[in-house]
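Both of the next two complexes hold chain A, though its partner changes from chain B to chain C.
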Partner chain A sequence: MAESNVASGQVRLAVLRGFSIPVVLLIVWQWLAPADASQTGIAPTPLGVLLGFWELTQSGELPRSLLQSLIRIASGFTIAFSLAVTAAVLVWLWRPVEYLLDPLIETFRPVAPIAWIPLAILWFGTGTWAAIFIVGYAVFFPSFVNTLAGLRAVDQRLIDAARTLGAGRWRIIRDLIIPGALPAIVLGARLGIGVGWAAIVAAEMTVGSKSGGGASGGIGQMMFIFLSYSLELRYIIVGMITVGIVALTIDAGFRRLERRLTPWAR
Partner chain B sequence: MTVTGSAAGVTCRGVSMVYRNARTGESVAALGPIDLDIHPGEFLAIVGPSGCGKSTLLSVIAGLVMPTAGRLMLGSTPITGPGPERGVCFQDYALFPWMTVLDNIAFGPKARGWSRADREARARELIERVGLVGFETRYPHELSGGMRQRCALARVLANDPQVLLMDEPMAALDAQTRQLMQDDLLRVWSDGTERKTVVYVTHSIDEAVYLADRIVVMSARPGIIRAEIDNDFERPRAEIRTRPDYALRIEQIWNLIRSDALRALSAGD
Partner chain C sequence: MSLSGLRAVILGVVRYVLALGLFVMVWHAAALWVGKPNTLPQPAEVFVQAIDLVGSGELFGHVASTIRRLIAGFLIACAIGIPVGLAVGLSRSLAQYVTPLVEALRPISGIAWIPLALYALGVGEALPHFIIFYGAVFPVLVNTAGAVRQVDPGLLNAALTLGASRALIVRAIVLPACLPMIFVGARLGLGVGWMAVIASELIGAPSGLGYLIEWNRTMLMSSRVLVGVLTIGFLGYLMDWALRRTAFALTPWWTGWRQHG
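Our next item is the complex of A and B:
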């Protein structure tokens, strides 16, 4: 009991420490920014940004754009992650598949997701499908690489032990390979969705520039519209902060999932 | 369903193992030829210097490694692969890290298709036998070395194997724990209605003399059987460590191994 109290106290202290620098920066920022009552200039104050949060939430613009982006990342992630796990399992089961897939994967892996934006727009238009393609592309590689590494990292001795206890192929896959590879698979998903989220914002910004704003939405495009049409810098900052908070939340969620799925690793 | 059950003997005829060095293409004779009869219900220890192939011999009997030549039989059945009738205790226990003590021990029966109720009942029976009551829901990393050892033993015994193959199972334990675990092992081995056949690989001569009915002494390069010694001390053996004939037996075996061990030492392995 005492031990866990000490531990949670340490966690609280760490959180406090993590927040101290941002808070100081915010105070300095508020103090240095020119007093501009209209809050439309190029140097908005933290309080102005806070107000912007309220305004954009009130108008429904922020929740709508955010929901749009979240739906895109969820779809892109689901499709790409399933493909990545399937591909990794195939490579793991049949080594020849690796010889076929490896050159392809290693060629495309270093190509940044945003490099695909021109082609994605040509192929899928400027809407949701282009964004899903970009996200999916970003998610695929970390998921594939980590899943394969996880499958291969399962200790041969444990497999030997299971065989001497009478386990067949499927029993070994279900009770050894899957739980053994799970931490790496979740890690791959976490890294993938992080890259995917960063890519979707970039994608929506450029997609926005092409379509000149309009129906395709998303938080990246919301930011771009404020840049090109009204120069509402504090709204853009609201967008940036939202993007950061969402990334942090997704990451925390996956870390939680990781701990829940691997209770033995604590 | 039950392939397992009463003790059975193991017969090795001309078993040998040749490795080919992938880089030089040279063939290295690692083991054999070995001719050995392991009798049903006997506690057989295999000792020898490092590199004599004693662990390889055990893996071959376990069916995890196929010998280059020779025949192996369990009773009258040829050994063609691993199976639950030959349970293996690994040196570092090889417990499944993501399973609790209970699930680790229930794994063998589960793999052989037992229902949840049956296999858990079986696991609890073994948990009681090896003294792990109260630790059912712990994960292996939460256990001490001695408790992991017990868990590994219980996991193998849950399958009620005909032969128990143990590969330096106490090597990772400290000296005091090891002595306690040796007594535990003998207790578990002899408390059933019938004694299992045990093949116990160790580098500790003392341990072999304390535990075994018979001791096979191996020499290195190639790993062949140098001597078979009838280790006929009466059981229980709790008191024999202080006896002069016990010390003499150890000395006798050490003399058989010494030159090999020295050679292994100067060869750097």
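Our next item is the complex of A and C:
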């Protein structure tokens, strides 16, 4: 009894300490901002940002932009992840494919996805396809590299043993190779989509900063339009927080998937 | 190097050249087929532009400003991230104060700060530095703090029993034990910083590789854009390689590079 009291007391102390700095910062921010706001009318306050969430949700701008970005990242991820897994399996199965693909992949892998934004705009315009290309580029390489590493890490002795014991090809794939490679595959997907989310925001912002509006949308562009046209800093912060929450949610979702799909991998 | 080792290296180089040669041929054919040099330039055209950009010194100037920004922002991130990470790893109460704030800010990528930073700092040198710093500091800090917590408690207790002072323990045990993971964090941070510097130059800087490619896009000089893109890839590879070699040289006892390399 006493022990659990001590434990809960420690938890309470930890929570109290954790909240202290952010709360102090928020109070200082709220307290300092108005002096500036009376002059320019744009200085954001924490309460103003909260209100901004409400306003942007009411007007439909935030849900609409967010949905567009999410659809883009989902399609880019699906395309690039399928390609990456297929390519990795082919490389794993056939030497000639490895000789052909490996140099190309090692050449293009170090190019930051963001560096392709200008070319993607030239090739696909400022719309959805450019964003999908950037996300796909970001997702492909981590997915490919990790899938291949996972496949190669499957213990050959296990495969030989299963074969000796009379397991069929399909059985070996289902019971040995897929479970063996799965942790690495999911890890690659998680790393890729993390970079992809940062890259898509950059892509949408670049479009927003250069094309002066247009119909391309997305949360990155929404943020940039508030900078260029209405100078609503509150709304930009709303966008930043949304970007952070989405990043966190995607990451948590994939970690959960990792645990559910591969409970045997620590 | 043994003879068979030499053979393997030569064979690898030959395969690389063959595969890239095939790629360039496919690219050339595709460029002819598309027939729009503003969209998809021929490989030879890119080569000519590369020579021109190198020869005129333009490329070098942009590379220099990008690298200067990256190194400055990255060093500031290390100078803050490593000590704070060490302190957070060593003191549990400090960790309780700082961790929630770090975890709240970390998911907001440096890139998402660009519009606000653009308003606050304007187009210029401060913006890329801030974005690089913001992107790089969290991987460095979090990995450093994590490394401190993984230090073998047996070693710490042994040192305490032998009467070592706190400063000595930090210097002689904690720091060397953490060095490999600090390098892992630094490598991650440099990678994020590299993305951040290109992104911030695309949007709000008057020079650098990101500026070069975006400027040439608006000029429809896609061959020059490609030169910039390939330079970005080459430099990214070079920096990662250099950091890996440094880490390997400074922490030769660590065997975990296989996992993190």
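Simple rule for what comes next: the second predicted complex is superposed on the first by the 224 of 266 C-alpha atoms of A that agree within 3 Å, B and C clash if a C-alpha of one lies under 4 Å from a C-alpha of the other, contacts with A are read in each partner's own complex, and residues count from 1 in each chain.
Note that in this section contacts are C-beta pairs under 8 Å (C-beta built on N, C-alpha and C of every residue); 3 or more make two chains touch, one makes a residue touch a chain.
The structure presented is a predicted model; accordingly, all values stated were derived computationally and were not measured.
Greater residue coverage of chain A by touch, when chain B is weighed against chain C, goes to C. Touch criterion met: A:T164 reaches chain B, while chain C stays clear of it.
Touch criterion met: A:M223 reaches chain C, while chain B stays clear of it. Within the superposed three-chain model, A:L47 lies out of touch with both chain B and chain C [touch as defined at top]. In the superposition on chain A, A:G180 makes contact with chain B only, not with chain C. Once the two complexes are overlaid on the shared chain, A:V11 sits clear of chain B and of chain C alike. Looking at the shared chain after the overlay, A:I245 reaches chain C, while chain B stays out of its contact range.
By the touch criterion defined above, A:I236 reaches chain C but does not reach chain B.
Across the superposed pair, chain B and chain C touch chain A at no common residue. Residues of chain B that touch chain A in their complex: 62-64, 81-84, 86-88, 90, 92, 94, 96-99, 107-108, 110-112, 139-141, 155-156, 159. Partner chain C is touched in their complex by these residues of chain A: 13-14, 17-22, 25, 99-104, 107-119, 121-123, 195, 197-199, 201-202, 205-206, 209-210, 220, 223-224, 226-227, 231, 233, 236-237, 239-241, 243-245, 247-248, 251. Within the complex formed with chain A, the chain C residues making contact are 15-16, 18-20, 22-23, 38-40, 93, 96-101, 104-105, 107-109, 111-116, 118-119, 194-195, 198-199, 202-204, 209-210, 213-214, 216-218, 220, 222, 225-226, 228-230, 232-234, 236-237, 240.
Contact residues on chain A toward chain B in their complex (touch as defined above): 155, 157-158, 160-168, 171, 175-176, 179-180, 262-265.
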